[in-house]
Amino acid sequence: MALLDVKDVTQQFGGLRAVSSFSVALEERELVGLIGPNGAGKTTIFNLVSGFYQPTMGTIRFKDQPTAGLKPNHVTTLGVSRTFQNIRLWNDMTVLDNIRVAHHSQLSYGFFGCSFRSARYRDQEKDITANAMKTLEALDLDQYADEFPKNLPYGTRRKVEIARALSIHPRLLMLDEPAAGLNTADLTGLIDLIGWIHKEFPITIWMIEHQMQVVMSLCQRIQVIDFGATIAEGTPTEIQNNPAVIKAYLGDDTI
Amino acid sequence: MPWGGALLASILQNTLNALQWGSFYSLIALGYCLVYGVLLLINFAHGDVYMVGAYIAFFVATFLLASGGLPGWVVLAVTVPITMVLTAAVGVTLERVAYRPLRRKGAHRLYVVVTALMCGIILENGNLALLGAASRAFPELVTTTVFSLGDVKLTNLKVAVIVVAIGSFLILETIVSRTKIGMAMRALSYDRFALPLMGIPPDTVIVFTFVLGSSFAALAGLLFAMSYPVLDPYMGAMVGWKAFIAAVVGGIGEIRGAFAGGFLLGFVEIMVAAFLPSTFRDLIAFTILLFILWMKPTGLFGVARFQKI
Amino acid sequence: MKNYTKPILAAGLWAMIAWLFLSGRADGYWLVALILWGGGATFAFYGGERAREYGFWVVLGTLSVGAWWLFFQDRRMDSDWILCIHLLLGAMGLVRLFGRAAPAWNAPFLLAVLLFCLVWLSYQESINVYFQSVLMFTGINIIMATSLNLVNGYMGEFNCGHAGPMAVGAYVSSLMTVALFGKSQVFGDPSLSPALALFGFPFCLLVGMAAAAFIGFLISIPSFKTRGDYLAIITIAVSYIIKSTIENMNVIGGARGFMGMGQVTQAMDKAPQVFGLKTSWDLPWMMIWVFLGTVFSVWLLRRFVTSTYGKGIIAICQDEIAAEIMSVNTNRMKIAAFMLSSGLAGLAGGLLAHAIGYVNPSTFNILKSTEALLMVYLGGMGSLSGSVIAAVLFTVLVDALRFIIPILNSALHWAHLIPSSYEVSQVWKWVLIPLLLVVIMRWRPEGLMGNRELTDYFPGLRDYFRFK
Amino acid sequence: MKRYAWLIPVLLLALIGFGPPLAAAEDVIKIGFNIELTGDIPDVGEASKNAAEYLKNQINNAGGFDVGGKKYKLQFIYEDNEAKAESAVSAAQKLITQDEVLAIVGPQASKQAVPAGEAANNLETPMISPWSTNPNTTKDRPYVFRGCFLDPFQGPVVAKFVTEEFKAKKAAVLYDIASDYPKGLAEFFKAAFEQMHGAGSIVAFETFTTKDKDFSAQLTKIVASGAEILFVPQYYNEVPMIIKQAKQLGWTKPIMGADAWAGGDLMGLCGDDCKGHFFPAHYSNVGAKGETKQFIDNYTELYKKTPDDVAALTYDAIGVVLAAIKQAGLTGKVKKDRTAIMEAMGKLKDYPGITGTMTFKPDGDPIKCAVVVKINNEGKFEFYKSVCP
């Protein structure tokens, strides 16, 4: 049984078909890449999986459970977590708070719990903080816990965002162009980091990326889409030599 | 109860009333909309700029009447441009003194909005403090003629107001969509930082926007003063808020939206007062507006700006 | 700055002591006490690190104990003000010395002493009814500003109809108290003994809060889909609808307003008789309720926004999409924020109605909402202490200008700066206040506090109160 | 140093507490004015202040006010209530406890007078509202008085007048629902008129909201309703617009006003349109004699406008307070004096005011006549008929 099972999903925005009958099945502990030219519909697929859009057609099942109609926060609770193409941290909250708030859907105390500081409130806040600090330490970010993300360098912000996504112990981690905007030195660090996460945590990683260096060295399996439809699938080496992929990226020089 | 012909006459009469009343909302809403479209700033002082316009028109007109012995229509013809220029100067001064420094310092948008709100209060009470409490009567520049079409009564002023409102809308629409500076205005609303890179000075565009908005507010103030000839310092406050509501219901930032929203609000208010118990006018009018926003959360003509994730 | 503050403060202190002595306001005992006080302060100003740390507070602590002792012994007071200032300073000293043992109790202890001082001063008529009402309006404005800050500051929405839920809270709680404890044309005789008013009043306020929170719930539903300026319109429209509805309800007075709360607040004085304790105490109960209400509001809001649960709304403000995808249930948080904010506005309204003894729908017009907005943005979006400071500043300024403008007028006339025919009237108040705000905005475009708290600027204050 | 920053406010607080007590001058009579200097109806506040200043200068220039053989200077303290209910309360409290006035004159409009009356009554200070016609202002409040007739009196006066004068059987009303005074008066008029002509004789009962400028929809309805008379119980600044718009929509029948028409510069705003209409007033400034004429002439000369009802009523209200002070005598103890003044005021018989003679009923309302005035062709308010209770 696949962890994430996307079947024939189509997304229509007015007249524009952003994704057309896209299917994928991700197994436990896989590291899969999703590539394609700009505007191919990659981020839309991520948005569909994380529940931000509801697919026009098709089904998405996570842990064998349909996610149709669920709100994004609900999907997160099931164990899907993600990062964003252009970093979306809460800039006026400390790094530690950023990670704590990501635990929001796990909170079981409500408004009255937080106003009366109930026992459950205190326990949970303690657990959350401990867990957040553990994640920060694991990613070597603990010295930034009280900094504001807006004051951090770009590479560190990327890392904080990954930490935020990772901190809630997801089963599926979706990385949307984690290497965008990084310099070469950061890039090597990022490849090591993703590899390390994949090794260290019981987690499936699904990644959109343009940097071939990252994709080729990390992914076990790559799926290529163009105009919302899959055009190729296979191991990195297979993809590298696939004529359809070359055509999609470089254009059709026969015309 | 009016039946048959009487009902028809009543509907026609109220339609005319609504067109006149909606014209004022539209004219003021256009000013809100211009500034909002360019700066994303709700210029809450706009209603009071319009009040200042009415007062300037009053002083210019009384001065001209007193000094020249000119006929009314000449005075009116001279008053219109002078009022527009002077009021535009007030609008631009507000922009220079209050909003621009904040913008330069990168203040949050809502701080500028609240500053605008405060500027409005300053204008209202400054007027009261300097000119005294007495309301003023606007001189009658053009003799009001009442035309009767059966039971429906029409005045020359009413027709003029409606024509001017529609004309202003057409002029503004042309400026914004056809001229070079209009293009710059639209560009500015999309990307404030790219515009200077294209060689267009954004401050010039902003000043032009304020000139445009304030001078049309002045026009509205002048016409308002002619139609409802009692001027008081607080006359702009309520109309200003309601015109803002109209602009938003139309879809703020859209010229067509502001125009349509103004007339819509005028229609709803007048028709509710006319055909339902007038006691519930505000209640029903605002419920209808809420319902419209519920159906179309970005207003009648507004388009939700797509946010890329 | 650093070099001059100490001498100025010390000189001011000694000048005050000298003046108290020379004007015959301090008798023998108090003179000794004051000199000890001044000496301790000077010692602390110029002493070394250790003196600064402890000496000052030790002296004040002793003095305070002395003051308490005197108070219970023979009430030898020359001035209630001296007593109260000593009590406050002494309490601060005690907190400073022993407060680390149980930091959670520091703020409640200080607030209790402050409340005692206020009640004592009003009981002794050292602060008159007018000053008491200014204090009450300050408290009410604090509730109004801080609660609006939750939505406008922390959540980043633009609610400009805060007066709407206030009106609902005011009317519902007033109708309840009058129906239960007062005689009126609408409800006839009281249904409960007026002697119970003291205990029933907070309950009625809670019902008013609940009704106002329901309005908040109604506003929050469109906020799922609608944001920004469109939501602003919805809030304005709701407040108009509320005002208009009340105006149309002739049963409760309509535009004429509703009254009768005065007898209820007077009935509170008789409360001790319920226990068979006949006292002649005439405590300023409304002031006590406003004080408690203010503390309650700030306390509740502070607890809300410092919890991870409440920080969800800050996440919505800073990036709603990220908040939604990263596990915040945005709809539920919006409901919570609007309900809390409106509920507290209802509390402010209920207290206002009882402090004035009269409600009128046009009290809750757009100007009231504008005042609330002014306070929030003057204090800074997302800063509770900023809202508190702004509310205090605003209320005090409004009433201080009553005194300042006539002085200004005569000064300007004396200097021949304005023609003798023109008088600077109270109208200038509403020019000066907004002007001040515009000037402050130019100087600090993020409001007085930005989105930081007082303790961020003055970390020393953490000794007295902590927010977490 | 920041550690001691808190000392600054503490010291300031201390200084306030130790501040010099206000020196109470012996030979001064302090009267407070709680009036609408800003807000919706600033004209009203201005007129009250003018009338008060006029009276004060008159008495002080003559050496002061004589109580029990001793001359006192008058000191008037003007507080602005911003035309807001809560400000009216705090202004009243300030006047009573901070300035320690003997009595308060104002507020003028009922919206402020009702809550301020509560405060004054609780603090046991006599208050007289010159212009508030709402019954609640004085109801069950021994310390609160008023200087004018009430809405329950004025409504029937108007109803009776239009019936007799215009033989009207169907009437229309246009009023501001969000304002206390017009609403109350409209309802009293409706009740009285329907009592005379049966239910349904008010063929149009139309409303608008404060600060509205356009009444065309309501007026269209009124014109179509076949009413013979239009009753407009509005303030002077709304009346011109209503009358103009009514004319433009084809209304040719008479329009009847209320006493608030005379609250400001009606004719300056209205011009020719208002001529020929009637309204009940507290006094008429045309054809006045004696002290009334003297007041009108002096006031007109001083402030370049004719005194309106508010000015005349305020002048009378201060006169009533002073007469009561003279009768009660002064002991120098403020609290005792206030009670004495209140009692003296209640017992005042036939006080000869410029707006007519006044005797207070036990609830603090005066027994007073109303005058129906006609706006004549010169724009003057001409005496037409006097209606007494």
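As written, the chains take the letters A, B, C and D, and residue 1 is the first residue of each chain.
In this section, a residue touches a chain if its C-beta (ideal position, glycine included) is under 8 Å from a C-beta of that chain, and two chains touch if they have at least 3 such contacts.
Keep in mind it's a predicted model, so treat the numbers as computed, not measured.
J.: Could you tell me which chain lies farthest from chain D when each chain's centre is the average position of its Cα atoms?
T.: Chain centre farthest from chain D's centre: A.
J.: Please list the single chain whose C-alpha centre lies closest to the global protein C-alpha centre.
T.: C
J.: Looking only at C-beta pairs that count as contacts, which pair of chains has more of them, B-D or C-D?
T.: C-D
J.: List the centre-to-centre spacing of chain C and chain D in whole Å, with centres computed as mean CA coordinates.
T.: Once rounded, the distance between the two centres reads 35 Å.
J.: Provide the C-alpha centroid distance between chain A and chain D, rounded to the nearest whole angstrom.
T.: 72
J.: Using mean CA coordinates as chain centres, what's the chain A-chain C distance in Å?
T.: Going by mean C-alpha positions, chain A sits 46 Å from chain C.
J.: Can you list the chain A residues in contact with two or more other chains?
T.: 52, 84, 88
J.: If you look at chain C, which of its residues touch at least two other chains?
T.: In chain C, residues 243-244, 248, 321, 425, 427, 430 touch at least two other chains, as defined above.
J.: Would you pick out the residues of chain B that each touch at least 2 other chains?
T.: Residue numbers touching two or more other chains: 125, 128, 237, 279, 281-282, 309.
J.: For chain C, which residues count as touching chain B in their complex?
T.: Chain C reaches chain B through residues 152, 158, 222, 225-226, 229-230, 232-234, 236-238, 240-241, 243-245, 248, 321, 366, 370, 373-374, 377, 381, 425, 427-428, 430-431, 434-435, 437-438, 441-442, 445-447.
J.: Which residues, counting only chain A, touch chain C once they are in their complex?
T.: These residues of chain A touch chain C: 50-52, 71-73, 76-77, 81-82, 84, 88-93, 97, 100-107, 109-111, 113-115, 117, 121, 124-125, 128, 164-165, 168.
J.: Mind listing the chain C positions that touch chain D in their complex?
T.: 1-2, 5-6, 9, 12-13, 16, 19-20, 25, 41, 45, 52, 79, 81-82, 85, 88-89, 92, 126, 128-131, 133-134, 137, 243-244, 247-248, 254-257, 259, 262, 266, 352, 356-363, 399, 402, 425-427, 429-430, 458, 460-461
J.: What residues on chain D touch chain B, complex-wise?
T.: So the residues of chain D touching chain B come out as 37-38, 40, 42-43, 45-46, 177, 206-209, 211-214, 216-218, 220-221, 224, 237-238, 240-241, 244-245, 247-250, 264-265, 268-271.
J.: Could you list, by residue number, the parts of chain D that touch chain C in their complex?
T.: Touching chain C: residues 1-8, 10-11, 13-15, 17-18, 37-38, 42, 79-80, 82, 84-86, 89-91, 93-94, 96-98, 110-111, 114-115, 118-119, 122-123, 134, 136, 177-180, 183-184, 209-210 of chain D.
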